[in-house]
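Input: structures, listed below.
Same chain, two partners: subunit A is paired with subunit B first, then with subunit C.
What follows is the complex of A and B.
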């Protein structure tokens, strides 16, 4: 799968917006951003090798085109996942324990960012939240209706732990429903997460077909 | 060309059509998925180790929906309480809870909660800051206000534990004795009789040990004493050697609906029926305990035919009850609202208790209860006598300051007592309240309090069902939803600090409770595991303290019984039964949609009031289900839709309590009628309680009709035999049982 140019462009714009919010942008920087943006737009797109699908899973079928959700901080998933090789479950630590994967607590972000990249505007924005004693108000991207009881814990157990699938490759499993997060900044919804999508996967992988398994 | 579609074809088409819609529907993103970026999701700043989003943590607390004091466990997820269940460690409810307990969440999250202090400015209540509210409180009742003595009063519902202690302390500081404790649904007359005849106000009842229960209007499965506890005991009573339940009452209650034998005695004559049964038992020599000749002589006049004449209960039924009591001994004979709340209620309950005495039930099915060692913490049980006293004090203009907490006298008092009008004569009325109910909106200062799930407290149930007595801790299940509400204890403590420096050591009610509970004597906290410094955290965890109880024995003795009550009832041929039910209770839960939605256990009506009439009376009046009738007493009248039901005495009309609120939020306001409003101001003669079941009325056709909203639709099977029945005789013949 290829990472689209627009992802790179968006990263540029995101970083510009971050700086504008911090009021640290100068005319000179603005100009150089435009030039950079132009250069990026004519460059051939950067590409990743497509994530392999774990052998024991028949992947669910379905695509979804998502609008980009403007988050309070343009959190770069790609930087953390792809460049730093941080495991999904390091931050979304509740995924293996609970029905929700959880947004990492601000204290977890600050665990690293007290010392790392403190000069970056987005980190300064984060530090500002931390010092005020507030958490950023993120906007939900992946959600199912209240009458659907989806649980991360059962899916992780079945597809990762029961199969002795290497935890370091867990993004191959997460990606089946969440798309290639390593190529995104803020999370985007890439799969429809509707009943047809779930049902087809349940049929292909031997998940429960009983209404009451999900609708309680 | 016409296409013939019959029923079968139509259903077939509908089936295929439906399946098609369902299958394509699975993949429709617009209808089954949620839009991205519309809802916020906020992470923890610094999570506690045990707080995992999506996984509930259970905390122990105490239910405050009625006075029974059931222990609760509340499930908290992401800082919000979602669901409550009973606390299995509580001897009151053994892990069970009723619909009122379950619906606590709807009281807590109710959109009509008062969210800031309000003060009367001119004729309206206006939002003010806490500073302004507290300085008004200080200037009106602080040490420099000059207010003291009996011109200060406080009316509350049943209170116990440390809330009772701080109320006592505040009134003692002011020098007032006027603590009015008011509940419409109470057992005051029963308690008075138990105190006088057994030496214990709230004896322990062993339903499970009884072979037969004879209940004179005690709706013990619904509204009597400790309903959830009673339900558990009732289940044991029915298991194994199945006990029999006989219910005597003018209007079928939930308990009556479960009875094997349901007897509608003429309202107000239950005492005579009890004496008739007693007389027959003594005549036959079936009594287990000898009866003094003086009593036997009084009983002599209650012959079977005389009793039949007075009560309308046929001789053979009286005989049958007497023989059941004898054959299935030990029995348990109890009395509730429809027997207690007459002018001769005390005498009636005393004659009911006489049956227990002569059948030798004392010590078997009725035992001395465990009393909590700390007297000051024991429950102060609500009654209606205090409501009458308050009405009198208001009428005589004897109060300058009145506090109200956990009670709504402007709603529950009969109109003729003029409590609402009387309140305007009080100079300064302070309401501790969660909701804008009738009493609160008449106050001069409204102090918004935490819900039962946000506040601290301790509760000592009035009815102690175990061999050790119990104190139940109420702890917050979550942070207060509204920023401007405060705990009742916290507000009381800040008032106490104005006059007594000793309370200055406690920054809040929490620290007061913590100190008080941890420092209780060993006979109270002895059962709590762990060293003394751990007592508080262990109590928080369990929610229950089981205290040692002194061993008492009941001391049975007889009291005089006089029955003559004569009134000129011409023009008012019917008896009004203001019935109570588990659910809306006395009206305090009318703002909870779940409980409004919950159909009445007998009439199955939802969201409204109705007047229950016997089919005979209905045909006399020419009314059918849904027609309006006017119920008129000497003190007023109300209109309600008719519900026709055989489970009521032909001379009685029953209108349930709970509805008829003029205020009290969007779900309660302007819905149905309040039967308490038209009660005559009659008193039970010995105890001074309001005789709520003694009012006589006339019922007239109001010539109006609307569809009666109730579950069930039809009362009959319209001859279609959905449920097949067979008579006992036929069963014996065909199934060959001897």
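What follows is the complex of A and C.
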């Protein structure tokens, strides 16, 4: 069984909050909750192995911490990537074709969720959007400034298709700039994506060094 | 560029300007403007405004000389008597000449303007600190400075929707200039790479060349011997390099010249002289 520390903690806190609202919580229960919370918090953060780095890439170096972006629906990447083994490029289908990776249209979500997990509150929220004919107002997480020209297509071509890298493992390549998305619910920015981060990787992997290759 | 690098590659950095200087060119983009066909209609200038997110500054600022037209059509009269003579007008579309030995490049204190491997004299807008040294050093006066934040009033809603996303909108304190529609060159290169072929002549058309109703502007790679541009350069006996041209002056068919060629800046634009049927 896979244990996600944060999800468990959230569930615990939610149930506690519900009981406190009903005013049925006792000192004994409160104590047992705190003991449970302590046990959960010392569990290992993730139970899966680190993503391996593809052999033909010198990975870019850098870490970044940013607050979690409040998305309209708390989309669980971990559930889709880790448990369901859905490829990144199944939903972000434009990554291999254009500059931007693209957010999938609601119709793509509904393709599965018309029948799958229709009893979950997040899916019901999604179905509401779908029936109203609106799309959720997703917020951009990995945003580069306006003066930067970045193409997903060229990077995917160089690192995946030209190298004959197996496409089913593409998250190892995506993860170099997007972090371990399979451990996140909503996407978080884990890499700095600044000029030094890009430039160091370009130098290590033979990318262009010309200013106008990336600036506009 | 470290000191070790300079010592190791000394002969490379000291290469003659005629051999391309220290540049390793992939392409050398150039242009030909036939003044005999040019009617001075200004559509090149208008196209440039649309393509390159140029700000419309208004009458007052225009009179102060703060206009942002990367491509301007200059007017000259053969007949100098009177202010606006009825005949004898000449038009000369003036844009950045993307000089091979550009005078603006060495004076930039932050290296915001530099030579790309495509032979373009590029300006990195987010690097520019606005010292305006380059503009003062340019003999053609084709560098334009953002004295104000024009984006606030130049594109009121919903005009901001027309902005070209392939090029940034420059803010106050930044020098800007024509770069032969570098965003189109980039798009064409990406397309050629995707189709696994080399760039062919006609893959890149600048906005001005595309808009010219008479086809006076021809754009292409002067390093490619089969391109329309290099054939025109050859025909009019003008060659790249910063040295004075030796051409057959007795032949009236040969009417190519480069502006300020005597300054040895190696402009990339070849102008073809206007031919008059009658004396003005």
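FYI, the second predicted complex is superposed on the first by the 172 of 216 C-alpha atoms of A that agree within 3 Å, B and C clash if a C-alpha of one lies under 4 Å from a C-alpha of the other, contacts with A are read in each partner's own complex, and residues count from 1 in each chain.
By our rule, a contact is a pair of C-beta atoms (placed from the backbone, for glycine too) under 8 Å apart; a residue touches a chain by one contact, two chains touch by 3 or more.
All figures in this text were calculated on a predicted structure; none of them were measured in a lab.
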Subunit B and subunit C placed together on subunit A: clash or fit? clash
- request: Scan A:116 for contacts with subunit B and subunit C and give back first, second, both or neither.
  value: neither
Is A:215 in contact with subunit B, with subunit C, with both, or with neither (first, second, both, neither)? second
Under the stated touch criterion, which partner chain does A:53 make contact with: subunit B (first), subunit C (second), both, or neither?
neither
In the overlaid three-chain picture, which partner chain does A:138 touch, first (subunit B) or second (subunit C), both, or neither?
first
**Asked** Thinking of the overlay built on chain A, is A:154 touched by subunit B (first), by subunit C (second), by both, or by neither?
**Response** second
Across subunit A, the partner (subunit B or subunit C) reaching more residues is B
Given the options 5-13, 95-103 or 311-319, the segment of subunit B that clashes with subunit C spans residues 95-103
Dual-contact residues of subunit A, meaning touching subunit B and subunit C, are 145, 151
The answer for subunit A against subunit C in the complex is residues 145-147, 149, 151, 153-154, 157, 210-212, 215-216
Listed in rising order, the residues of subunit B that touch subunit A in the complex are 25-29, 32-34, 36-47, 52-55
Contacts from subunit A onto subunit B in the complex sit at residues 62, 64, 66-67, 69-70, 94, 97-100, 102-107, 130, 133-145, 151, 189, 192-197, 199
Within their complex, subunit C touches subunit A through residues 114, 116-117, 120, 122, 124-127, 166-169, 179, 182-183, 186, 190, 193-194
